[in-house]
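Okay, so chain A shows up in both of these, paired with chain B first and chain C after.
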Partner chain A sequence: MPSVTFDHVTKRFNDVTIVEDFNLQVADGELLVLVGGSGSGKSTILRLVAGLEAVTSGTIRLGDTDITERAPRDRDVAMVFQDYALYPHLSVRENLSLGLRIRRVPKEEVSRRVAWAVDMLGLTELLDRKPKQLSGGQRQRVAMGRAMVREPSAFLFDEPLSNLDAGLRAQMRMEIGALQRRLHTTTIYVTHDQVEAMTLGDRIVVLSSGRVQQIGKPIDLYRAPANRFVAGFIGSPPMNFIEGALEHADEMTWFVSDGMRIALAGVSAAGLTRREVTLGIRPDDLRMTFPSSGTAVEDGSIRGRVELVERLGGSSHMHVHAGSLHILAVVTALELPAVDDVIDLLILPQRVHVFAPDGQAIAIQG
Partner chain B sequence: MRRAGRVALYLALALAALTFIYPFLWMASSTLKPPGEVGTLALIPDHATFQNYRIMWGRAPFGRALLNSVFVATSVTVAVLILGSITAYAMARLTFPGRHALNLATTAVLLVPGQLTLIPLYTLVVQLGWIDSYSALIIPYLFNATAILMLRQFFLQIPQSLVDSARMDGMSELRILFSIFWPLARPPLAIVAIFTFMGSWNEVLWPLLVVRDQRIMTLPQLLTVFALGGGAGTLGVSLAAAMVLVVPVVIAYMFLQRFFIESMAGAGVKG
Partner chain C sequence: MRAERRAGWLLSAPYAAFLLAFSAYPIVFALALVMMHWDLVTRPSFAGADNLTLLAQDARFWQAVGNTFVFLAIHVPLQIVTALVLALALNRPMWLRAFWRAAFFLPVVISGAVVAILWNALYATDVGLINAVLARVGVGPVPWLTDPLIAMPAIAIMVTWKNVGFYVIIYLAGLQYVPKSCQEAIELEGASAWQRFRHLTLPLLLPQTVLVVTLSTINGFQLFIEPYVMTGGGPLRRTFSVVLYMYTNAFSYQKMGYAATIGVALAVIIGAVVAIQRRLIGQAEAM
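Right after this comes the complex of A and B.
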């Protein structure tokens, strides 16, 4: 299976830049996830690969072949659409075979491929049904089958699970992952759901306003986000951000904010006077303690009042008000505070992230 | 009580239906009555006869006019469906310079009353030497702005992903139109077909202007000439001619009414 290469790809509609200087190589057999909010350009990138939109500048290659100017039907890529895009008036069998018949694939070969796909996807019983008579999950499988029978060089998935309910989404997510590993077809998968991105992707590309924010393995994006946008986008529930400043005192570098300070071991303090920064801390990296009355809050902790406790069973989301801050903590303790109780949240110093005012991460060694 | 209410309702509905259907049935039965009976209100003729039809057929070339009408109306309908949907598809789904202007121009055509264009169109047809030919009856009607706009509106509602998917499956734009859009657009296509067919079938004024040769005349035209010229003689013969005019439209309607009702109902839901 060939790779997909983007070389300085830019897309503009009139004066609006949708994708700006996009460079990437999707490796042979890799499942690459493009993730971002609406308007980030992720779907446009997919449509550029499909040939449904024309690039403004740059080239797209499939293996060694430049496909930038080719018509969609000559690109050897297959796409699974968000709304499945099954032909409503055709049966499942006809939906699966139409693309092959148009390409004049011999009849026996069409039957063989359709049988292979329906067998793999468990659609055998449904071959003569119309899309209207199928459930959401079944339609999703037919849409995947239609892409599979083409035996393309690359799969393109455009938010394929966003029309399914939560339970089915989790199941189909696993099926897509298993199928892709089995077929080993180079795949670009677009989603706005960071859980899909984290669980499916060999690598993730985080996009915002048509620009790449970070490219990396899911766990690297989680552990070391390159900037504040990625930090807030990857991880659920999202990271807490605390505005404050870096200060140098007692031979150490401190992050100081309203009613709290924390020592940062790895940040170089040389020549530092005072610098505005944002501290990021994931909700899972806070530990809850009940302060004894009358004691002052310790360094590295935030004292606040409990606003709301959402019990999820295994863990709980605790919303805490601390001065002007609103902090979310995920705690697994069995003994939970009541609303309006005062608690301390201990920040694990090796887990914090520091971002400069321009949003870029400042390296610290935990 | 509920049963009585239901009976009353059905009676009222039956009565209403009767007021619509009675004149038509009366006309149909009167064509079978001998001259002396035509004045009565009875629906069953005492002495049924095809005399009126025989007289009518003998006095003017109605058979030929019927064929002319079928030919003209069918040609116009088929052309409007094919050319109209190709135009509508381009306006709805393709990007090209002047698309917006084309939309506006098509809408503007609807605002111009037909009477205004009648004389210029007549002059044009004379210049082209189409007087007394089928061309004069068919070609001016090949494009229909209402049909184009109606189909365009429907085509706009078909999800873009279907078009994308078909393009990736390797279909040409014409193939997408005829093998994806047409099957999905059957109700609006049926409406356009019915309106176009009936409009063409019932057209009298234009044929009167451009056709004087009896062999080219359409049925309503010949009928008008026949009735106004006093050729019919009796009411029974006039009604027989009217019957010949109506029956093909009724048949066409029965054939297409499923789509017609479907589409009207759909139009209500989609707003």
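Right after this comes the complex of A and C.
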């Protein structure tokens, strides 16, 4: 299977830049996820690969072949659409075979490929049904089957799970992942859902306003977000951000904010007087303690009042008000405070992230 | 509750009265006239099955039925093709699209008599615009309305032109429901423009096509004003439509009973033809 290469790809619509200078190589057999909010340009990038939109400048290659100027039908890519785009007047069998018949694939070969896809996707019982007689998950499988029988060089998935309910979405997510590993076809998968991105992607590209924010393995994006946007986008529930400043005192670098301070190892603040920064801490990286009355809050902790406790069973989301701050903590303790109780949240110092005013991450380890 | 009921009756009363006076009453009256002799002047007299016997043996009536079928055989397919082609063209982004859409609809709202007079001039053998254009390319002159074999096709072309805007609207509405993603999907699957039309657009426009076939058939059976104005039913009675024959019996020969019999027979024929069409289309759809 060939790779897909983007070389300085830009897409403008009138004066609006949708995708700016996009460079990327999707490796042979890789499942690459493009993730971002609406208007991030992720679907446009997919449509540029399909040829459904024309690039303004730059080149797209499939393997060694420049496909930038080719018509969609000559690109050898198959796309699974958000609304599945099944042909409403055709049966499942005809939906699967139409593309092959249009390409004049011999009859026996069409039957062989349809049988193969149908078997792999468990659609045998549904071959003679029309799309409107299928459930959402079944339609999704037919849409994937239609892409599979083509045996294309690359799969393009455009938010394929967004029309399914939560339970089915989780199941189809696993099925798509398993299928892709089995077929080993180069795949570009677009989603706005960071959970899909984290669970499916070999690599993730985080996009915002048509620009790449970060490219990397899911766990690297989670552990070392390159900027505040990625930090806030990847991970659920989202990261807490605390505005404050770095200060140098007692041979150490401190992050100081309203009613709290924490020592940061590994940040050299020598010579640095005071620097405005944002501290990021994930809700899972806070530890709850009950302060004894009359004691002052310790360094590295935030004292606050409990505003809301959401019990999810295994863990609970605690919404805590601390001065002007609103902090969310995920705790697994069995004994939970009541609303309006005062608690301390201990920040794990090795897990914090620091962002400069322009949003870029500042390295704090080593 | 009672007030609501009274309001319901009150609100539906005007239309119910209209329906009774201009639909139900004429239908019942026509059915009654089938068994009457009536010349509009003297008292109607009971005719028994006289009108029906006459109808069965009346060669002129059956010729009119045949003429009308000739008209339909040309008009309905031509109407479908022209409306579909124009709708596809007008569905594309183009310069002055709204203007073009309105322009093609204009003949629909023009009076049929006016259109007939206009086309009389266009079709004129010696001085008509159509023959003048054809002469430039070395064709003609075509005796449009005076040749027994050409007159009915000429009228069918004209009626198709007049009504095309209406059916274009039906097809344009249908085209809005062809999902964009399906069009993109089939394009990615390798379909040419013709294959996209053949495998996706045309099948999805089947409901609209059924409607166009049904409506143009029903309208076609009621062909009247064009032959009345343009040919008077000639040449050699070849453009004598059923409705024109009914009109002639009613108002030239004052045979209201027989005219009503023709009208009822026409209603039965229309019902039968449309039922057969629907069944055929239904079978095609199931395949």
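Just so it is clear, the second predicted complex is superposed on the first by the 365 of 366 C-alpha atoms of A that agree within 3 Å, B and C clash if a C-alpha of one lies under 4 Å from a C-alpha of the other, contacts with A are read in each partner's own complex, and residues count from 1 in each chain.
The definition used in the following text is that a residue touches a chain if its C-beta (ideal position, glycine included) is under 8 Å from a C-beta of that chain, and two chains touch if they have at least 3 such contacts.
Quick caveat: nothing in here was measured; it's all calculated off a predicted structure.
With the C-alpha superposition on chain A as described, chain C and chain B clash in the combined arrangement. When the shared chain is aligned, chain B and chain C each come close enough to touch A:Ile102. In the superposed model, A:Lys217 makes contact with neither chain B nor chain C.
Touch criterion met: A:Ala85 reaches chain B and chain C at once. In the overlay built on the shared chain, the residue A:Arg311 is in contact with neither chain B nor chain C. When the shared chain is aligned, no partner comes close enough to touch A:His184: not chain B, not chain C. Shared-chain residue A:Pro72: touches chain B and chain C both. Contacts of A:Leu52 after superposition: both chain B and chain C are touched. The residues of chain A shared by its contacts with chain B and with chain C are 50-52, 72-73, 75, 77-79, 81-85, 87-89, 98-99, 102-103.
If you check the complex, the residues on chain C that touch chain A are 179, 181-182, 184-192, 195, 199-200, 203-204, 206. Interface residues of chain A, counted against chain C in their complex, comprise 50-52, 72-73, 75, 77-79, 81-90, 98-99, 102-103, 146, 150.
Interface of chain A with chain B (complex): residues 47, 50-52, 71-73, 75, 77-79, 81-85, 87-89, 98-99, 102-103. Chain contact summary for the complex, chain B toward chain A: residues 159, 161-162, 164-171, 175, 180, 183-184.
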